[in-house]
Amino acid sequence: MSNLLAQRLTAQLNTIPLIDPHSHINPHRAASTTLADLLGYHYYTELAHSAGLPRERIEEPGITPKEKVARLVPQLATIANTVQHDWLIEICREFFDFDADALTAANWEPLYDRALDRMSQSDWEQQVLRKSQLEGVFLTNDFDDPLTGFDTGFYIPCLRTDELVFHLGKSEVRQRLAAATGHEPGTPAALRTALGALFAHFVNRGARACAISLPPDFEPAAIAQSAVEPILKAVVAGISLSPDESRTLSRFVFWTLAEFCSEHHLPFDLMIGVNRRVYEAGVSQGQDLFDGRCSLIQYRALLNAFPQVVFPISVLSHGMNQELVSYSWIFPNVVTNGHWWYSNIPAYIDLDCRSRLQAVPQTKQIGYYSDMYKLEFALPKFNMYRRVLGRALADDFVIGRGWSENRAVDLGRRVLRGNIERVFGGERAV
Amino acid sequence: MSNLLAQRLTAQLNTIPLIDPHSHINPHRAASTTLADLLGYHYYTELAHSAGLPRERIEEPGITPKEKVARLVPQLATIANTVQHDWLIEICREFFDFDADALTAANWEPLYDRALDRMSQSDWEQQVLRKSQLEGVFLTNDFDDPLTGFDTGFYIPCLRTDELVFHLGKSEVRQRLAAATGHEPGTPAALRTALGALFAHFVNRGARACAISLPPDFEPAAIAQSAVEPILKAVVAGISLSPDESRTLSRFVFWTLAEFCSEHHLPFDLMIGVNRRVYEAGVSQGQDLFDGRCSLIQYRALLNAFPQVVFPISVLSHGMNQELVSYSWIFPNVVTNGHWWYSNIPAYIDLDCRSRLQAVPQTKQIGYYSDMYKLEFALPKFNMYRRVLGRALADDFVIGRGWSENRAVDLGRRVLRGNIERVFGGERAV
Amino acid sequence: MSNLLAQRLTAQLNTIPLIDPHSHINPHRAASTTLADLLGYHYYTELAHSAGLPRERIEEPGITPKEKVARLVPQLATIANTVQHDWLIEICREFFDFDADALTAANWEPLYDRALDRMSQSDWEQQVLRKSQLEGVFLTNDFDDPLTGFDTGFYIPCLRTDELVFHLGKSEVRQRLAAATGHEPGTPAALRTALGALFAHFVNRGARACAISLPPDFEPAAIAQSAVEPILKAVVAGISLSPDESRTLSRFVFWTLAEFCSEHHLPFDLMIGVNRRVYEAGVSQGQDLFDGRCSLIQYRALLNAFPQVVFPISVLSHGMNQELVSYSWIFPNVVTNGHWWYSNIPAYIDLDCRSRLQAVPQTKQIGYYSDMYKLEFALPKFNMYRRVLGRALADDFVIGRGWSENRAVDLGRRVLRGNIERVFGGERAV
C-alpha cells in the first residue's frame, strides 16, 4: 500500500516540467552524437576502470567512438549493480527502444547503430528536451566563455570560478583573464577590476549564478589588499608561492567574488569538499575524492559577512548533510542544493532528502540538479531523485503526518521546480 | 501490516506516564499564557527568520503578544513542511480544538482568543500536565537559583554549569557565585569551596543532575591547583585571559564539578558539540550551530577518572551517535541521553534510536527529553519520539526478531520511563 | 509483500556455502568446549560489564567455566535487547535445542550440561562446520605462528602484523621475530630480510592475506632506510623512542609489508580506525574504541604507490563508509570488506550494504566476515548479515529496479561468496 502510494506520488512528480539548476552541458553540443558520448561519461569510464579495465584501453588516443564502446561494453557486467548503470539502461530503453537489462557483446552493435540514427536526426536535441520535460538548463561556464551562439534564456550561463580562486598562479589563467577583460591582474585593484568585468559580462548575458567547487580544508576569510599585493607581484614575477601565500591569494579572490555576487544579486553556488587528483592514474574526471573531515563552520565568516548573498550549498560528504540542514535552518542566506556526486545515490539521497524536508523551510531547498555533461542524462537522474522524493513524501508526509496527496505533491513541486525559479530569479536573500 | 503493528505499539507507548529528564521549564511560569509563548519558541522564530522574516520584526521591543503572533503567522507557510511546525499544529489541535492544517491570516485570531481563554484558567498548568501524562519535569537551573517557591519533587532541580565553566572570567558571573555561596572565587581553594556550596544547596533542594553544554573542541583534563592559581589572580585583577589560560580555567572548573558529582552521587549530563553565536545576527537562541568534527575520545580521561559518576551524554551531531552507542556499550558510566536539538528530527532519531536499541544495554538508554521551555511542547515532542520508537520496535524487534508485542512495549517503557528513574534515582554507576 | 519477498531472498542466500574471510579462530581449538567459550566472547563480557557486572567477577582467576557462566547469566537480562544477545540465543537454539528467549537462573544449567555433552562429541567441530555451511575459514595468525598441525587448505593462514608495525620497540617482539626468522632486526636491511622470511613462510603455508588494524591517526608513507637506521639502533640499545621516531618506524615497517604483499601477490587487509586501550579498566578485549575523525585520504600515498596490491578495507566508523564506497568506486585496488565490530549491527550494516550495492562494482565487494573466535558464531552472524542483505536486495533491486529474484540472489551470492574466491584467490589488482 505504501509502495503504491509512493508510485502514485512519483507519477505526479514525473509530470512537472524541470529547470535543471546545475549541469556541465556544452550548449553548442548539448545532446550526444553517438553511444560513446553516453558510455564516455566519467561514471562509466571510472567504474569500468575501477573494476579492472586499464585506463590506456579506455583513453587510447585516436580510437573511434564505436571502438570505445566496444571496449567498455564487456566491462559493464562488473558494474551492472550500480545505480549509474541503471541510468544508462534507462536512457537506452527510453530513447532507443532497447529492451534488454544490459549491453552485451551480442546486442550492443544494433543499439549503437540505432542510437546513431536517432542522434543524427536534426531535432534530436529538441526530442531529448521534450521527452525530459526540460524548460531550462543551467550551464557551467569557463570564466572567459564569450557566451555567444546559443539561447541564454534556455541554456542559462553560470560563472564557474575554480580556476580564478585556485589557479591564478598559473600564467595561462592570468592570460586568459587578461584576454577576456582587458585587465592584467597584476595588482589587487587590477584583479578586482578584471573580476568585475567578468561579472558584468556574465550578468549582461543572463547569468543566474556564480559557482565554485572547494576543497575540504578551504576556509574563506576577508584579506586586505595590502596583504595580497606582494603575492600578486611574486606571481607576476614567476616566483612560486608558499602554501600560505597561495591560500591568501585564493581567499582574496574568493572573497572578492562574493562581493561581486552581492553587487549583482547573484547566488553563489558552493560545492564543498572535493580533493582533486587523489588518484592521478585514474581516467579523466575519475581522479577526485574527498575527506569527510570538513565542516560548514569554516564558512562562518563568509555567511555572516554576506547576508544579502544567497549561497546554495552542496556537500560532497553525506556526513555533512546534517550540518547543511542545520545551517540552512538558521542562516537566511543558506539554501540546500541537490545531491552531489558521491552523495548522489539513493541510499544517501534518501536520508538527506528526508532530513531536509523535515527541518529546512520549504522555500530554501533546491531538490536536485543533474550535473550532466550530455542532455540524455537528465531523464534517468531526475527519475532516480523523484522516486526517492516520492517515497519520502509518501512515508513521512502522507502516512506519517496525514497530509493529502495533493499537499505532498505541492511540496515536491516546490523543491523540484518552484524554488529554482525563486532562488535564481534574482531575489536577494534579505 | 507493519504500519498497523507500529501504530499498535505506539498506542501502547502513549499510555505510559512520563518523567521528562531535561527541560528549560520555569517552574514559576511553566505553562504558556498566550499563543505568543508557543510561537515565540526559538524553533519558530529562527525558522521564520531563516525563511525571510527580519529579526527586527520578530523581536521589536514592546510589541504585544498578539502583535508578535500576527507577524509570525504569515511566515508559517514557508515552514509548514517542518516537523517543528507539526508540533505547533498538534498543540493547537490537542489543547485548543483547532481543526485546520495551518495558522493563517484568516484563522489565527479566533485561535489566539480561544487559547488565551484556556490558558487563563486557573488550573491550566495542571490540565497540560494531565493531558501530557507528565509525572515529573527536570529543570535547567542557573547556578544561583534559590530553588524556592515551587514543588521540587515535581519540578526537579538540575544544576546547569555552562556559565561557571566557560564564563568565570566575567565579573558578573563571579559576583553571582559569591552572592550565592558567600565565597569569592579568587583562589582555587575558594573556588572549590564555592562550587561545593552550590552542590550542597542543589542537593539539599532535591537536585538530581548536574548538566552542561560543551563546544566541539572541549577536552576535559585534570588541572593542578597551582596551574590555575595565577589564572584566577589575573581574572580577579581584571586582566583578560589568553585562550590557553581560559581553557585551563574551564578545565579546572569542569573537573571540579565532576568531583562534586562523584561526592554527591549526581549524574553529570554532558551535551556535547555546540558552537555558540555562530550566526550573531540571528534571533534569540537561534544563533548556535555546530562542527561535526568532534569525538568522544576527547572525554577519555574524564570517563576513566570518574568511574563512579554516571554521564548521560547527548550529542548534537548525528554523526557522533555511533561513537555514543559504542562508548555506552563499553564504558559502564556512559548512558545515551535523548536526541538533542539539531538531531531531534525523525530522520535522525530513527537511525540513532535503532542503533542504540540494537547495541547498548537496555538499562543504559534514556530515550527522550523534551528540552521544552513551555509545558505544552512535551505532548507533541514525546509523541514524535514515540512514533519513531514504535516503528523501530515493530520493525526490528517484533518483525525482525520475533518478539511478542508485550515484550517490545516493555523495552519501550524502559527507555521511555524506567531508566530515568534508575539513572537519576541516586544509584552510582559502580 | 515486501517482507515476504525479503524472506524468500534471504532463504536463498541461506543455502550458499560460505568461506569466512576473516576470523580469530584457533585452528587447534576451533569449536567451543563449554558454554563459557560462548559467553566468554568479549561482546558478552564487555556488555555485561558495561551494564554493571564488575570485571573482577567476570575475570577472576581460577574460576571454572561453569562458575563463569553462572556469574554472567543473571546479567544477560540487561543486554537482552542487543543483537549480540540474539547471536547467543540463536546458537543455543540451533545447536542445543534451547527453546526459551533468554538464559535465566532457572534454565541455564540444563543448557550448560546439554551443550557440554554435544561439544564433547568427537565430531563437534565438523557438526558445526556442516550446519554453518562453512567451506573455509580465514585465520588471524601471529607473525611467528609455525602454521603446523592443521589443514591450511580449510583454515587459511593470514599474516597479522599489528605487533610488527606498532610494537617493534618491544624487545619481546623483536626476539620473537628473530626466533621465527633467524634474523635480528637491528638494521633496516636485516628487518626487511626478517619480514621477507615471514612472508615466504606464510605464503609457503598457504596464506592468502596479510592483515592489520590501524589507529585513526595513522598515515602510511614511504620512509628511507637511512631515516630508520638510527631509530632501529636506538631500539636495540634500549633507548625509548619519541612519538615521531615511533611513527617513522611504524611507517617503515608498514610500507615494507606492502612491498612484500606486492611481491607475493597477497591482498593486504586494512582494518582502519581503532584506538586501543581507551577504557583500561575494561574486560579483556573490551577496552578499545574509536575516533570518528579519520579519513581514507590518509591512505592516498599508499593506494597510489601500490596499484598491484589489493586492499580489502574495513572501517570501524559507520561515518567512513561513504569514503570507503567512493574510494572503492575510484581506486581499482580498493575493495570493500565486511562490517567491522562497532559497525556490525543491522542499523549500520543496512545503510552501508545498500550504498555499496548501489555504487561499487559488484566484483569489488566482500560482503561479510565473522570476526569470530569460536566457530559457533559464524551461523548467527552470517544470518544477521544475510537478513540485511536479503532486505536490501528485495527493496532496492527487485522492487526498486525491477530485477528478477534470481538476478538479485546472484548479486547476493557474489558479495557473500564469489568475491572472496576472486579477491583472495591470488589474482593481482591490475
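The letters A, B and C name the chains in turn, as written, and every chain counts its residues from 1.
In this text, contacts are C-beta pairs under 8 Å (C-beta built on N, C-alpha and C of every residue); 3 or more make two chains touch, one makes a residue touch a chain.
Keep in mind it's a predicted model, so treat the numbers as computed, not measured.
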| item | value |
| --- | --- |
| Chain A onto chain C, rotation angle from CA fit, given as a multiple of 5 degrees | 120 |
| Same-site or different-site touching of chain A by its copy chain B, using the half cut | different |
| Distance from chain B to chain A - Cα centre to Cα centre, in angstrom | 39 |
| Contacts with 2+ other chains: residues of chain B | 293, 319, 351 |
| For the chain C and chain A complex, residues of the former touching the latter | 1-2, 293-297, 300, 303-304, 307, 319-320, 322-323, 325-332, 351, 354-355, 357-364, 396-397, 399-401, 403, 407, 411, 430 |
| Interfacial residue positions of chain B with respect to chain A in the complex | 3, 46-47, 49-52, 54, 78-84, 86, 101, 275, 278-282, 286-293, 317-319, 342-343, 345-348, 351, 387 |
